[in-house]
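So, here come the structures, one by one.
First subunit A sits with subunit B, and in the next complex the same chain sits with subunit C.
And now, the complex of A and B:
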């Protein structure tokens, strides 16, 4: 609001030069002697207009339909081939439209800057002051405007490589960009909230798959987070305990699993636990029938949680070791004098203290586990597949399902919708838990 | 602005035409995708192509994308895909639907005449030829250990299982894989087709399909049944495994393991509710396609044709033991003497084209096979097949 108000107020208060700069960018600079700066503004305006009329507007015009012209074949008798006249490409139209909108927004910022500069110049002149010349402008970039120097490049980078693709992919959730609408042969178009409706109730198979996978994702995230947390802490406690010898040796041994890249251990585990894998061969020698570690739904779910403990516990052990050593020893001493047993000291002293310090860490772990692609995909590949689910298996998380939908099935629309839902769930959960945690509520009481 | 551009372009084109009179060899850049194992062989073919075509200066780069991944990679970004790529024929419908393949029109009659009927059929969609057949070996059949099973035993699946079990050995088949499990349903007369609306039509849940389902259940429940990945078969054959279903890509490994006892034949008959039915299979072909977005369609087509001509199909057989789709090449003595390819040719008489199998088939079929292998009988076979078919047709 303030911008719009300023826009008109400045126009009213401006002299003729300032008024001209509303139409011709940079006029407020070069008419007042700041030639280079003024020409820079003018150049930006000119290139923006050229871009918009040669390219940008054409794309924006197609945005509401995402293209209507399909590919046309023209027979070339001499070469004996069809020549294809490429039609509209919905994906490129969407991408370039988003780009054009961002460029327009960026231009508006520069336009605003142009007016502000023109008006400030006017005020300076009226006061009888001297305007900055180019050299002083450049010098200011290393002094009063240092933030501009430092942040321009990162901002451009973030906009082009993060924000633009993000908007593009969010928009795909509202189209029918799936297997049967693949550019360049086919067009896709807007379908509104259709994909979300399908996931939640319209399409019974997809809805059932979504609910089933969401449940398992949450169960998995809970167990994966807390099993690692509690067991890692107990491990650290045991190693830290007085009277345990060779502390450094034990720590090194457990940390060694970190030295092997996670995906290598996971692939090995997956081979080891396969139906015909080493583990089952070994069990066979012992006379125990093959156990379907990875092909029975329930066993597979237990297996991934257990293997994840094996992979993840060393990290928790490292992190908690430090915090555990910080707990004042007198607390334990007084507890012992009062006759508390080890379980009681753990639940009354260690755990509350740890939770107080590590809730934010737990939240990131939980959200990380909701999106824990590696462990699931490399260990079970989401399997065992199930007829109850749409293109998914019993250990698939939302994120691995999303991967399968995009890579195997090209259902980009559905995958994008799921991506948005995962974000909503993770964000909501993190915010609620974080705000309720004692780390936030009793921040001041931390000693 | 547009008009000015158009005028400049027209002038430039005239200029190009005039300059063309000077007959300077133009530079044509092409990109080719093939599997990792084929790289050296493809490079030799490409070098030979360059030697044979001196009319232009060809710059041909070779990239690694296997036949199995071609569809995924091409559809990720058709504009960035290779001009010429190898792919498995089950991907052709999806590729054509996405408009990714260039229709083959140059020398069409010659190509059709030179290659097997099945391979041409597999390269054709809506009566239009969209690819060049390069091999006819993407199928499967039965390898067996002659010391355990006789040529008579391998005619019936039941006999095979009984004999193998008596010898304490296994019969291997990866039932949790849509490609292999289909052999029962197709053998029972099931059909996989593409309907008018472009969706998959499947009748694997009719009465015959249910009988096939029961046969799969009996097979997977048998003591001598064994499943797993290819490595399980190649590792165990000769020791714990007496016979296994696989394709030519394992021929070398298996013949090495079995030595004198190496043998291969068509798939056996299975017990379909009391009567014996011949197991069918998918006849798969590897094809070479041209991207519809190529900048040099004529050169790309010439290269694709070159990579799949008789000479180079023989080369594929000699270097990689791939069965030729070219009729002359397939009739050569060397090809006929190859045990695995002979078995495949025998099985191909009972095979069904994989062309009309869409992407949505594989996961539900694998899910059914997984349930069978896991001996999950919480639902009846009929119920499971109904679910499977509903998903396939989804």
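And now, the complex of A and C:
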């Protein structure tokens, strides 16, 4: 709102040169002697207009329908063959429309900057001051405006590889871009909230899958987070206990398992635990009949949690080691005098202290586990598959379901809708972290 | 000398036993991997634990039989991608985190909040869109595309490095300004030399990423076998059709890349802990 108000106020207060720069960008600069800067603005304006009229507007015009002309075969009389006549491609229309909108927004920012510069120049002149020349402008980019220089490249990267794709995919959630609407053969179009309605109640199969997977995702995230946290802490306590020797050796043994790439160790585990795998061979020697670690729904769920302990405990051990050292020793001292046993010391002193310090870490872990793709995908592939579910298995999380829908099924609309739901869950959790995390509030404490 | 010996403690003995047992559980899969990589008999499963014959053929075949699975080629691809990714990501991450941590300008909080929100969307969600964008740029299925995917949005991973920069005393900047340094000089001459841990951490983390990711690379490369990276290549060896013949080679290939990564990781574990706990503990 402030921008719009400023826009008109500045126009009223501006002299003729400032008023011209509302129409011709850069006028406020080159008419006042800042030739290069002015021409840069003008060049940006010219290229924007060329882009918009040659390409951008054409795409935006098709955005409401996402294209109507399907690719058709036309009989070519002369050559006696069918020829394809290219029609619209909904996917490209959507992608380029989003791109055009981003470019328009970027241009508006530059336009706003142009007016601000023109007006500031006017004020400087009225005060009888001297305008910056090009060299001083450039010099300021390395001093008072260093943030502009440093953030330009990262911003371009993030806009191209995160924001643009993300907006595109969010919009896809409101279309019917599924396996039977693949352009250019079949166009897709807007369907509003249809996909969300299907997931929540309209389509019984999808709704059943969603509820089942959501439940398992939350159960998994809970157990995966806390089992790792508590066991990792106990491991760290044992290694760091006074009088335990070879601390470095113990630590290195566990760290080694982190260092082996996850896809290797997890693929290996899945072979190890397969129905005819080494684990069952070993159990066979002991006379215990083959256990379906990965093919029985309940066992598979327990297996992934247990294997996740194997994967995650060394991380927690590493991270909690440092914090454990900081627990005030006199707390333990007085507990010992009062005759508390180790279990009581742990539950009454260590655990509360750690929970207090590491809550942000814990919630980050929880969100991380909701999105824990590797462990599930590599270990069970989401299996065992279930006919109750739409394209998913009993150990599938929301993210692995999303992945399968995207890669195997090309149900992009459904996948995007799930992505948005995952975002909502993570955002809710992260909001809690953000409010609790002392490090964001006290970021300047140590400066 | 007897008085100097540690007192025998029952609880310490129990801890030693538990630690040894846990070590065995944690190390066993890795030992099994190494053992299998030397196994003479093919197949994913054997009805016994210890191989009947040992051989190094699994390792040599990785480099000699390159018809179907071109391991050396994948290795070089991954190395190229890793080097470029590492350079670009490190620059982007350091610039972003430094700016957000130590420079003050309008919109700083806003940018940080946007970064936070963007990080909450699952990464796989935009995977397909990224593929289409790269295709529109004419880059699909190339190593350049892969470098862009790994490093393009690296600026978003500013959080850990920012936590580090937050802890450097501001007095240093002020002293430098008195001496006539501009903001750019402060970054290069004063802050960067003090930031070795976080630079090492960022470099190693971004270097390792291409070696262990197989998801993005599978979406980007599709069937272009020549541009596969190690992770995706190895993953192909254990698909249902190939696993019987190539499982032992897979293990050998995995051991070969696990060795350098293990060494790197053990070297940087100190920085890793400092990086991750940096923000959380100091509150």
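For this structure, a couple of remarks:
Keep this in mind: the second predicted complex is superposed on the first by the 420 of 447 C-alpha atoms of A that agree within 3 Å, B and C clash if a C-alpha of one lies under 4 Å from a C-alpha of the other, contacts with A are read in each partner's own complex, and residues count from 1 in each chain.
Methods note: a residue touches a chain if its C-beta (ideal position, glycine included) is under 8 Å from a C-beta of that chain, and two chains touch if they have at least 3 such contacts.
As the structure is a computational prediction, the values presented were derived from the model and not from experiment.
By the touch criterion stated above, A:276 is placed in contact with subunit B and with subunit C alike. After overlaying the two complexes on the shared chain, residue contacts for A:432 are found with neither subunit B nor subunit C.
In the superposed model, A:358 makes contact with subunit C only, not with subunit B.
After superposition on the shared chain, subunit A has more residues touched by C, the comparison being subunit B against subunit C.
Once chain A of one complex is fitted onto chain A of the other, the partner contacts of A:407 extend to both subunit B and subunit C. In the superposition on chain A, contact of A:72 is made with neither subunit B nor subunit C.
Within the superposed three-chain model, A:13 lies out of touch with both subunit B and subunit C [touch as defined at top].
When both complexes are overlaid on chain A, the residue A:108 reaches neither subunit B nor subunit C. The residues of subunit A shared by its contacts with subunit B and with subunit C are 274, 276, 407.
Every residue of subunit B that touches subunit A in the complex is listed here, in rising order: 1, 72, 75, 78-79, 94, 96-100, 102-103, 105-107, 176, 198, 226-229, 232, 236, 292-293, 297-298, 301, 359-360, 363-364, 366-368, 370-371, 373-374, 384, 387-388, 390-391, 394. Touching subunit B in their complex are the following residues of subunit A: 53-54, 71, 73, 79-84, 86, 179-180, 182-186, 205, 274-276, 292, 295-296, 383-391, 393, 407-410. The residues of subunit A lying in touch with subunit C in their complex are 91-92, 95-96, 139, 142-144, 146-147, 149-151, 153-155, 157-158, 160-166, 168-169, 172, 235, 238-239, 241, 243-244, 250, 252-265, 267-269, 271-272, 274, 276-278, 281-282, 310, 314, 318-319, 321-323, 326, 342, 357-358, 360-361, 367, 371, 373, 399, 402-403, 406-407, 412, 415-416, 419, 422-423, 426-427, 430, 434, 437-447.
Against subunit A, the residues of subunit C that register as touching in their complex are 6, 9, 11-12, 15-16, 18-19, 22-23, 25-27, 29-30, 32-33, 44-49, 91-92, 95-96, 98-99, 101-103, 105, 108, 111, 115-118, 120-130, 132-133, 136, 148-149, 151-156, 163, 166-170, 182-184, 187, 211-212, 214-215, 219, 231, 234-235, 238, 247, 250-251, 254, 257-258, 261-266, 269, 272-273, 276-277, 279-283.
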